[in-house]
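Below are structures written as structure tokens.
Next come two complexes, and both contain chain A; in the first it sits with chain B, in the second with chain C.
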Partner chain A sequence: MARYLFQRIGSSAVTIAIMAILVFFASRVLPGDPALVRAGSNATPELIAQVRTQFGLDLPLHQQFLQYLYGLIQGDFGTSIRTGKSVTTELMHRLPATLELSLVGFLIASLIGISMGIIAATNPNRWPDTLVRALTAVGGSIPSFWLALLAIFFLVYNLGVFPSPIGRLPLGMSPPPRVTGFYTLDGLLAGEVSVTLAALGQLALPALILGVLGSISVTRITRASTIEALASGHARAARGFNLKSPSIFLQEGLRNALPTVITAMGLVAGYLIAGNIIIEKIFSWPGIGQYLATAISQSDLDVVQGFVIIVGIGYVTINLIVDLLYSVADPRIELGGSKS
Partner chain B sequence: MSSIHLATRAASRKRFRLTVVRQNSALITGIVLLFALVLLGAFGPLFLPSPNVTAPGQSLMAPDSEHLFGTDRYGRDVLARSVAAIRLDLMLAVGVAIMAMALGSILGAVAGYIGGWVDDVVMRITDALLAFPGFVLALMIVAFLGHEIIFVAIGVTIGSTPHFVRLARARALSERELDYIPASKLAGANRGRVIFGHILPNAISAPLIQTTVTAGWAILDIAGLSFLGIGIQPPTAEWGTMIAEGYSDILTGKWWPALFPGLLMLLAVLSFQLIGDGLSRRNSL
Partner chain C sequence: MIHSRIARAAALGLVGLVALAGCQAEVPGEEAGQEVEVSRTFVIGAGEVEGLDPILTKSYTALQATANLYAGLVEEEFEPVEGGYLATTGKHINGVIESTETSEDGRTLTYRLVDGLTFADGTPLTSEDVVYSMKRTLSEASYVAGSSSIFMHISDAESQIVAIDESTIEVTLDAQSPALNKFLAQSTFSVVSADAGMANPGKDGSATDYFTNNATPSGPFALEDWAGAESMTLVKNSNYVHAEDVFAEKITILNMPDLDQRYLAVKNGDIDVALQLTPRLVQEAASDEALRVLTMPSGFFYFLGMNPKVAPFDNDVVRQAIAKAIPYEQLMEEVMLGQASPAYGIVPNNMETSIAPDDKTTQYETNTAAAKKLLEDAGLEGLAVELSVSSSDQISVDSAVYIQSALAEIGVTVNISKMAEVDFITSSYSQKLPFLIGNWVSSVQDPFFQMRAVLLTDRATNQTGFSNAKFDELVLTGIDEGDDAERERLSALAQQIVIDEAAFVNLFAMDTSVVTRADVSGIALRSDQLFQLRYLTRE
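So, the complex of A and B:
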């Protein structure tokens, strides 16, 4: 087990290193001059040269690369050329906002996805199944930003069910003292229940939209793998032994569909980490996605690199968790494949 | 006796036809939908006003008989713009999907057949790229290259390629073990001939099905980039830019400039998804 973990962490580190290298060279080799952006459109050549020196952009490529690697090892993602602040600090400051939103979105996606998948799988080819399949086909084709705009139009401005899309707290409310960075938790820790409730209210609509979009692949995979498991020999044998159908469903159906469902949930978690750039922008959510969207339109290279590496680490961690859960869900799976 | 026999035969034939229709209903719906959109995109502009003519006096008019989808804040006809965008978005998306398919399948087939360090390098890079949703990858590439249509196409292509590499490589690995490969080598075929003449044609069916689904995703990615202001720029009539422009109007209750382009976009993506679903179901039968 320990050996497997070491191997996995080692190979994950290689994957992240390759990503870091690709991003570095992609950002330096391709056209676009960040120094021009920083110095402004009316800058004199002297000012541009000064900016270049300040951010190390005048060094030869291999020296820039070594500096970049040296910084990475120390957890230093460089300096934002736009704000002059440390990228690591900014990303860490914004990460909790993204994680809070993603986590709630993930819970909603799993809840909707697994229950819809089960409803469809237990009624194959009858109307609940047809309905679920139609919903997933349409849902998989909806542009996320369009869905968000419609939701804001109907649910916020017409019906007033949700608060305005203006970030993590309503106007005039100050954030709770920072402990975890999750406003909902920090509010409780500080004993300010009203802040927690307000934060939950602001969180509800963007998380619901992420959850609905994320639920689609979970629904599809839960449905397909449960139907497959229920049609297998052991499930038919259980029926032959005259077991009750809820017990067959739980023991033979869901139990055996679990590993595939876990994979789907891992994919959704990965999608949520990086996939909410658009939702964060629409809801003025001050997370890393919004930070990236602003940085990217202004050639802020270090921010882009930092984002890529944070997301890469998150994604690789999720994959590791999925693989570990696999062996819990299905004891036949040997970690590391030593028996095969 | 024989009439009963005939009746059951007719019934079973009818049932057979029904199952075929049912299994292919996704495919048929998708094809009809796509065909309708292509027709609309090809001939619609002939009957509609120009998509970029502004009319300051007619800004933000609600849908009526003259402007079926209403007008946007510059007084442009939303229907004309949504229809004009069909050409751009569909051609771009299909082009992107085909490019990604060609690039990914060739890389995958070469890596799978040759193996060794070539395979290691290709798959390591593919895995690293797969660690990102294609959209984020495309976003970064467009940001580095510049906000032009051709760069959007390149970015979304690269973002969609890794899936094809995996699919084609998996098939190439199993194809490589079959007897006809050593046979063709004995007959004097060189590496290139084996890969492009034998491996690739036999490994292509899964990538071809993936192409239709990818075209749908490409529409979403292209429009998503434009929505963020990173891809295709206004005043080009494109679904993502139109929805972005309609965003501030929706907050004041003017829903039509953002609703209709999104609706057409949804139908376009749906048609590709349905075709992809139908094809993969047929293929697995």
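So, the complex of A and C:
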């Protein structure tokens, strides 16, 4: 186990290093001059040149790359050419907002996805299955921004079920003292239950939208893999021994379907970390997605690089967790070895 | 059985989530037991306050914050105008100073500070702070140093700005500066704390890192809270020199990047003021009785640029024909939905020395037949050109479609090139786009500042490639001219050259529109298009 973990962490580090190199060179071929954007519309050529020097943009590419690598090794993603602030600090400040939203969205996606997948799988070709398939087909064709706009219009402004999409806390409420950056947790740690409840309230609608959208693939994969497992020889044999349906479902259906479902959940988790840009914008959610959106339009290269690396680390970590969970879900799977 | 339990649990979970959301939706601010004077507390929906350094900040919302956190030597004077808002009178009043003495030659100015001034935190505000702040603005670290030095005639800030004693500052100019007060009233000349700056010089020695992340307010508001990318809360600064004129007690600037949500929030009463809405949303707000729409003329204009050094725009006839074919009225009515005014040349109608005969005349009259004839007479038929716009600027994109259609009527085929914002900016400021729709607003409302910035030969911000020696001479002379009548004459001649050349065609001046709740009043628009928030009140 320890050896496997060591190997995986090593290969993950190599993956991230390759990604860091690729993102550096990819961002350099993007059109636009960051120095001009930074210097502003009143800039003189001298000021633009000064900005280039200040941010190292006048250096040969290989020197810029070495500086970039040197910074990365020290955990320094550079300086935002747009704001003059440290990218590492800004990303770390905003990351909890994205993670908190993603985590709750992920829980909702898992809850809905697995429940609906199981309902459909245990009622194949009957009306619950037909309904689930219809819902996933419709859900899969709705863009996230459209669902968000509809939800806000009806659930916030018409029915008043959810609070207004004005960020992580209602107006007039101050954030709790920062420990984890998750307002729900920090509220509890500070003994401010009202802040936790308020934060959960603000989280509810964007997380629900992310959860609903994320649940589509989990539902489909849970349904398909459970149906396949229930049709296997083991399940048929169990039925031959007159075992009860719930027992067959748990032992032969869900258990055998679980590795595939975990894979689907891993993909959804990755999507939720990186794919929140539109939802964060619509809900005024101050996460890394919103930070990236502004950075791209302003050619803020260090921010783009930092975002990609942070999200890459997230993906690699999720993949590692998924691999570890395989062996928990099915003890026949040996980590780093062959199937027994 | 099992799946019905799971389904029930899932349903309960969702219901619980909705219940939580509903529970807290009605109690903002009450938990802390704070008593807030609601009538003087305002929430403004805008963008993100990315930094607070007055000499570096460029984003609209951050400029908005710095303009209200800091005081200057002088300030703009406001007066109520028709339309229900406050506009600048064009005059300046004292800020942190109580008097100014000007030498006979107009080159030496002695400013005396108001006695007993302090920053918001109670530390004394002295001449050292003013000198430090002015030198900082004119230093290499500042993005306005170049143009400020030229217009203010301060070539060496170190020796020309000195503190005589604790409350007296002497500024010696290289020559008389007609635009001096216009510059001093800008937020870039905010008075920051010298002690704080010198204690935190940072890598560049100019304390840019410190002032980007911290504020030492001297203006109408102090900084109560800055919740990163979420919001910023300002509270009335009772130490401000004109504290008696600050009506708003507390203002929260909320980052709402999605404009539709910003509009829905003001419509729903979640926020009191929504800034920077699109013309469509402003038009929609106008039909809502719970909202008030303020539409204010501004110096923010859109223009069509034709590079006279690049074919086919190197031909005067082509440029003049295109200028005559533009559907100016249609652009103002259908793209801007009426929220724009005619712009007569390089100096918009509402700026001093504009040669516009009235508020309704455009510099070129739309005349498709005449435009077509011009091209036919010159044997210039079947032209095909590429019109570049920034894809992130919907007004430019929409305008391009109308222009494409109008030019098709005179036989010019237009291919619209939508470019990424940063690519467009880079290419246009490098004069690589022969035919483009750009926009401009001068931070200093001065005709010579505007003409120099937009059209002076080889100026970094000259996007059209316009170049005319006589125009350059007139503008550079006008910068230093102290006599109002002569300034007007020089400006008029320069403006006429631009109209005759037809390389720079002003499409319209966009109105600055604000949507507020119906009971909110006291919106004051500065000449740099920022809002002075201290007069905000409720009726």
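Basically, the second predicted complex is superposed on the first by the 336 of 340 C-alpha atoms of A that agree within 3 Å, B and C clash if a C-alpha of one lies under 4 Å from a C-alpha of the other, contacts with A are read in each partner's own complex, and residues count from 1 in each chain.
Keep this in mind: contacts are C-beta pairs under 8 Å (C-beta built on N, C-alpha and C of every residue); 3 or more make two chains touch, one makes a residue touch a chain.
Quick caveat, the model's predicted, so the values are computed rather than measured.
Q: With both complexes overlaid on chain A, does A:Thr15 touch chain B (first), chain C (second), both or neither?
A: The answer is first: A:Thr15 touches chain B but not chain C.
Q: Just checking: does A:Glu46 make contact with chain B only, chain C only, both, or neither of them? Give me first, second, both or neither.
A: After superposition on chain A, A:Glu46 lies in contact with chain C alone.
Q: After superposition on the shared chain, which partner residues are touched by A:Gln64: those of chain B (first), chain C (second), both, or neither?
A: Touch partners of A:Gln64: none, neither chain B nor chain C.
Q: Classify the contacts of A:Ala26 with the two partner chains as first (chain B alone), second (chain C alone), both, or neither.
A: Touch status of A:Ala26: first partner only.
Q: Chain A residues in contact: does chain B have more, or chain C?
A: C
Q: For A:Ser327, select first, second, both or neither according to whether it touches chain B, chain C, the two together, or no partner.
A: So A:Ser327 meets neither chain B nor chain C here.
Q: Kindly classify A:Ala198 by the partners it touches after superposition: chain B alone (first), chain C alone (second), both, or neither?
A: It touches chain C, and chain B stays clear.
Q: Thinking of the overlay built on chain A, is A:Gly167 touched by chain B (first), by chain C (second), by both, or by neither?
A: second
Q: Would you sort A:Pro175 into first (chain B), second (chain C), both or neither based on which partner it touches?
A: The answer is second: A:Pro175 touches chain C but not chain B.
Q: Return first, second, both or neither, reflecting whether A:Lys281 touches chain B, chain C, both chains, or no partner chain.
A: Once the two structures are laid over each other on A, A:Lys281 reaches both partners.
Q: Return the residues of chain A at which the contacts from chain B and from chain C coincide.
A: Of chain A, residues 30-32, 149, 152-153, 157, 281-282, 293, 297, 299 contact chain B in one complex and chain C in the other.
Q: In the complex of these two chains, what residues of chain A are touching chain B?
A: Result: residues 14-15, 18-19, 22-23, 26-27, 30-32, 137-138, 140-146, 149-150, 152-153, 157, 270-271, 274-275, 277-278, 281-282, 292-293, 296-297, 299, 304, 308, 311-312, 315-316 of chain A touch chain B.
Q: Which residues of chain B touch chain A in their complex?
A: 26, 124-125, 127-129, 131-133, 135-136, 139-141, 143-146, 216, 220, 223-224, 227-230, 239-240, 243-244, 246-247, 250-251, 253, 255, 258-259, 262, 265-267, 269-270, 273-274, 277
Q: Inside the complex, what are the residues of chain A that reach chain C?
A: Per the stated touch rule, the residues are 30-34, 36-37, 39-48, 50, 54, 82-85, 93-94, 108, 111-112, 114-115, 118-119, 122, 149, 152-153, 156-157, 160-175, 192, 194-195, 197-198, 200-202, 204-205, 207-208, 246, 249-250, 281-284, 286, 290-291, 293-294, 297-299.
Q: With touch defined as at the start, can you tell me which chain C residues reach chain A in the complex?
A: 1-3, 6-7, 9-10, 13-14, 17-18, 20-25, 27-32, 34, 36, 43, 48, 50-51, 53, 56, 58-59, 140, 143-147, 204, 208-209, 212-213, 225, 227-231, 252, 254-258, 260-261, 264-265, 267-268, 270-271, 392, 419-423, 425-426, 429, 440, 443, 453, 460-461
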